[in-house]
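Input: structures, listed below.
Two complexes follow with subunit A in common, the first pairing it with subunit B and the second with subunit C.
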Partner chain A sequence: MSTATVTRRTEGGAEGPTRRKLTPLRLLLHGFLIAVALIWLFPIAWAVLTSLRSYEYTAANGYVSLGGWTLDNYVTAWQTAEFGKHFLNSVYITVPAVLLTLFLASCVAFVIARFSWKLNLVLLGIFTAANLLPQQALLIPLFRMFTEVPLPEFMSDSELLYDSYWGLILINVAFQCGFCVFVLSNYMKALPRDLYEAAMVDGASIWRQYWQVTMPLCRPALAALATLEVTWIYNEFFWATVLMRTGDKFPVTSSLNNLRGEFFTDNNLVSAGSVLVAIPTLVIFFMLQRHFVRGLTLGASKG
Partner chain B sequence: MSDLPLIQADRAVPPPAATTSTGGRRRRLRLLSRTDRVVITLMVLVPLLLVTGFVWLPAAATVLLSGTNWDGIGPLNEIEFIGARNYSDVVNIYPPFVPAIQHNLLWLAALFVVATPFGMFLAVLLDKELRGSRFYQTALYLPVVLSLALIGFVWQLLYSRDQGLINAVFGSNIDWYGDSSVNIWAVMIASGWRHVGYIMLLYLAGLKGVDPSLREAAAVDGASESRTFFRVVFPVLRPINIIVLVVTVIESLRAFDLVWVVNKGRNGLELISALVTQNVVGEASRIGFGSALATIMLVVSLVFITIYLATVLRENRQ
Partner chain C sequence: MSRPRSQAEYLARLVPPSVAGINRRSLLAGAAGTGALLGTGLLAGCGDDSGSGSDSKNVSVGSNQSDPKPKDVTAKVMDGFKTSSGIETAINTVDHNTYQENINNYLQGKPDDVFMWFAGYRMRFFAAKGLASDISDVWGKLSGFSDAFKKASTGDDGKQYFVPSSYYPWAMFYRKSVWKQYGYQVPTTLDQLTALSAQMKRDGLTPIAFADKDGWPAMGTFDILNLRINGYQFHIDLMAGKEAWTSDKVKKVFDTWAGLLPLHQPDSLGRTWQEAAQSLQQKKSGMYLLGLFVGQQFSNEEQDDLDFFTFPEIDPSIGAKALDAPIDGYMMARKPKNKANAEKLLEYVGGKAAADITIKNDPATLVANTGADVSGYTALQKKAAELVGSATEIAQFLDRDTRPDFASTVMIPAIQQFIKNPKDIDGLTSSIESQKKSIFTD
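== the complex of A and B ==
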């Protein structure tokens, strides 16, 4: 459709008037958008720039200068903040949480989309709304619950749900499920129903219909959701801040807060630390941008 | 937090309705074998228990606790109901409460009056299939992939008193994060920086779903571009508009990470969410206060969540 419009416009533009008249406006528009885009990129660019300069140089010459290039900040930040350990903690939490979220959400979504029971709408509401509640409002009972539920020692050295990876994984899954149920059930509802009729004729059980018919068809939606959920759970700050105690177990986003003291006097270190923490999400963003945007706008493409 | 469903964007394009017949329900149930029924039950029950146990029960417990004098440590059977006393205490003898409400409202107003319309405006501009649109979009939603906590640190590089860029350029000597008369504005700018990209993305997806023939018809009728937008496109996007509104309210209620990394929500940065957290994990644990504050948050957010659900589920059924 858009090609047709473009051609038509070019043909009309050959004579000139409409296209010409628009040019200054278009220029203005581009100028404005470039300005906004640069302003938006600036804080990140500034962080990268600062992280590459030595503290001694910027302390002597001020930040509005050029020079003192070094990678030392990254080395120092990595060592003082023990980023290696915290990144690993993030992996321990994010990977199982994302897999479990997608699995459980796809189960519920499948049932909601496959059958047309009246309760389905209620179910969808319960899940979707859960994702929107302010986390802080649940903190008090959850905090108490986490400190009461025992775990065997091989699962957590705190022997409680509190201060354990298990607790964080579960709370993240419970919170993120709603969003995925909502997206996946919409996606699954758009799949042709003949598939199930055919599968039923073949005598496929519900589980096989879910696992071998529906799930393979949902790959694009699952890829998009996985990309989003990895970013969100990696970025999750609140739960780990309040439901963890041992500094060594903090995932990287929440460990940021503990670094404040150590880094306080040295902005170049702060920026190197920030860039290190941002790298995984930026890599995901640039490599999987298609999935990321798709996850946010899923459905627009399927119409 | 970035975990609001941004997905509503797609609601502008109603998905093909599921072809189902309610009449076939009984027949279909009977077609299911015993194993199938067990499997279906498990598929729903396990996630449902998780969400109920970790989200809905704690929410209900928060409301209950707000009417008690529990200290958070003592045994649960010593709890006494004290009616609305926590609420009156919060309002009357808890100094940070009023500033927190003011800050939350200010936050909401800033997002609602500045950031949200700006994001919508950018979406309208970017919807024009400009050259380089990809670059503009990427630049604008790049902050969306960063956590709010990290954004607090990134902006510290601009805001810091001795080493920040702003003071270096303007020769000022303001502690943007520390001075209680300006810090709320400083963090709101940082949060708006992220919010604009988020809204832009939501709205752009909505705009892409608008039937192009609508615009063509308006153009044929000689309507100007702004007229077409306000009279034709904007009303068609009603569901998206509601969703953007709800997302803005909920985002401003949940604003937490940013103020927590700056100074744990004190000294000019009081927010309801931060007060709740201070009352639970802080040095003075006042469960009654905390629960009353949390209940206020819950009630406000539930109003908007209901609006949200009504909108998306109605769209959903069409």
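== the complex of A and C ==
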């Protein structure tokens, strides 16, 4: 619904209140868009369809058939892969990581946007360039480092950064900061300078300018970023698999592998598990769709 | 028009709680609640497990038994250990594939005291790197293992690093009812196998079911042909990178295989082993070279109809006594937190009591200890145990007998290439050889 409103608004700006005529070109465009949408939806629809059917039926009749409807896959998937526990693990990692990323990124962005130093551009460049770094290339040094960094026992039973939630939160924060700094600094640069001048006249300290002037104004940007970051960090499974040793501590995306058997994989069961794991991202996406799109275009238009 | 805007504002308020103040809307309170829960949850989560290792009544086990049945059996075996020794075990289960892919990291990080792994090259590889502990002392107290099993548990330095727990053989499986219907006899030489296959074709059956979509099942065919044509020692040396793939011996293996390919199910690269096994189950194929797990594709009533024979002899001077029988078992980490307990556990899992528990709870496994009570075995299991017991040498399957990177990045594509184009054996073997040289560098 919200998308519809948005579209109408942008169209209205260009053409006035009258509806566009249906030209052949426009028909072609919509035909194309529908086709693309179907292609994108197909894998998800197929997974949902598969997840609702019993393995025995599809084994006997093939996947291009209808029948064998059951909800058992969901029950089995939830129990076998112990999703309840692993969803909680995902929360342990995602929530602090997102909050910390936004806080740290906004601090950096504030400095970059508010003050003009010589190193401003360099700093922004470094943060943005870090986005381009392939994470896998850092695997070995990071792994070694994590196995060397001790943690007190009350923080992690492994007594190391390795195999602890802290380590994963840290990794996610580190890798997500670059993008957030980039977006937030562009957003903050667009805030009127007069505000800060007024704040200074009123005697507001730098901290106050950041916390009580800038941050409230950045809410739309922060909301958009939070939406994106939750999805990204939640979907991350590579580091969790590599830097965790205890199966019980894996986030839900990594625990999906529990559904694959040693010799035999029940695809219907894996589909059910995948659908379950995808639900949180889908919920976030549909609830906060507007922010999603804005999050991706924020930096582009305001810079 | 106003709705999305207010929604945006509404949502914007929720997100940075630090900015929005303490009590905004219910959802924010929820978020804060989650944060609070998180704090306590983290601490509680850590508190639960803290102290493991420092307590002398503890030992941790890394397990790759993530399938429901074996997972349950592992838990029961560990319960049995607790009852007999009073030592508590903490089982750390990681799914089979992740465990395997991460083993290198896992062992170099902080592994569990005892961990599950495979016999053969993969065990020797980590033993040679010093990532596993010598457990010859434990072997001194173990009984009931054949020499072939001991050989499979021994590292390059002649010491034992591995305690076998279960295994399964690879053989030619068939349905008794089908063979009875057509009056087929078990072939003992390659010629008899070819003749039998020709007869099956005339009877409208696909002689040998075959699938290699996942890349690994066809390795079994290569293994058994190499074992029959060149013998066990050559096979192991070839896998260890010590023999040349361009040698005539290897070419002969591919030549023989090329001759047998027309007897196999065509288009195998698009078929999973499950589908090939189903063609056997549906009586469309005559036989299938696979591991004992082929039985998973048969219903309970059909289990008795399943039988097997070992792959026939090709060279009389070599015989037909060697086979692939991957062995799973336990190893000890290089620096276990509690060595005494870890050794006690290894002794227990290698013993008769653990084997008995396994047989009782998972009828699909064959236990490595011959002292175990095997009265619960099905006829098929008894036969499989006899076959492996009488084997002179046991190979572990290609991907366990060689470096994992060689198996997955070189052999899988090479064998699939061969199946697509069985004619270019020279090109294939020289390509494998050159890739082998870049992998086996040390």
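By definition in this document, the second predicted complex is superposed on the first by the 262 of 303 C-alpha atoms of A that agree within 3 Å, B and C clash if a C-alpha of one lies under 4 Å from a C-alpha of the other, contacts with A are read in each partner's own complex, and residues count from 1 in each chain.
One rule holds in what follows: a residue touches a chain if its C-beta (ideal position, glycine included) is under 8 Å from a C-beta of that chain, and two chains touch if they have at least 3 such contacts.
Note that the coordinates shown come from a computational prediction; the quantities given were computed from them, not determined experimentally.
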- Task: Using the superposition on chain A described above, determine whether A:177 touches subunit B (first), subunit C (second), both, or neither.
- Result: first
- Task: Determine, under the contact definition given at the top, whether A:99 touches first (subunit B), second (subunit C), both, or neither.
- Result: second
- Task: Mind working out whether A:131 is in touch with subunit B, subunit C, both or neither, as first, second, both or neither?
- Result: first
- Message: Quick check for you: in the superposed arrangement, does A:37 touch first (subunit B), second (subunit C), both or neither?
- Response: first
- Message: Looking only at subunit A, is it subunit B or subunit C that touches more of its residues?
- Response: B
- With the two structures laid over each other on chain A, which partner does A:269 touch: subunit B (first), subunit C (second), both, or neither? neither
- Message: Tell me the contact category for A:168 with respect to subunit B and subunit C: first, second, both or neither.
- Response: neither
- Item | First, second, both or neither for A:190, with subunit B first and subunit C second | first
- After lining up the shared chain so the two structures overlap, which partner does A:257 touch, if you call subunit B first and subunit C second: first, second, both or neither? both
- Query: Should A:143 be classified as contacting the first partner (subunit B), the second (subunit C), both, or neither?
  - Reply: both
- Message: Under the contact rule defined above, give the subunit A residues that sit at the interface with subunit B and also at the interface with subunit C.
- Response: 2, 143, 241-242, 254, 257, 260
- Task: Provide the residue numbers of subunit A that touch subunit C in the complex, in ascending order.
- Result: 2, 5-6, 9, 59, 80, 88, 91-92, 95-96, 99, 102-103, 143, 147, 153-158, 160, 162-163, 165, 211, 215-216, 218-220, 222-223, 226-227, 241-242, 245-248, 250, 254-255, 257-258, 260-264, 288, 290-291
- For subunit A, which residues count as touching subunit B in their complex? 1-2, 26, 29-30, 32-34, 36-38, 40-41, 43-44, 46-47, 50, 58, 62-64, 104-105, 107-108, 110-111, 113, 115-118, 121, 123-145, 170-171, 173-179, 181-183, 186, 189-190, 193, 200, 205-207, 210, 231-232, 234-238, 241-242, 253-254, 256-257, 260, 267, 270-271, 273-274, 277-278, 281-282, 284-285, 289, 292-293, 295-300, 302-303
- Complex contact set, residues of subunit C against subunit A: 1, 3-4, 7-9, 11-20, 31, 34-35, 38, 41-43, 45-50, 52, 62, 66-68, 70, 92-98, 102, 105-106, 108-111, 273-274, 278, 291, 293, 296
- Query: Where on subunit B is subunit A touching in the complex?
  - Reply: 1-7, 9-22, 25, 28, 31-33, 35-36, 39-40, 43-44, 46-48, 50-59, 61-62, 65, 72, 122, 125-126, 128-132, 135-136, 138-140, 142-143, 145-150, 153-158, 160, 163-165, 168-169, 193, 196-197, 201-202, 204-205, 208-209, 212, 250, 253-254, 256-257, 260-261, 272-274, 276-277, 280-281, 287, 290-291, 294-295, 297-298, 301-302, 305, 308-309, 312-313, 316-317
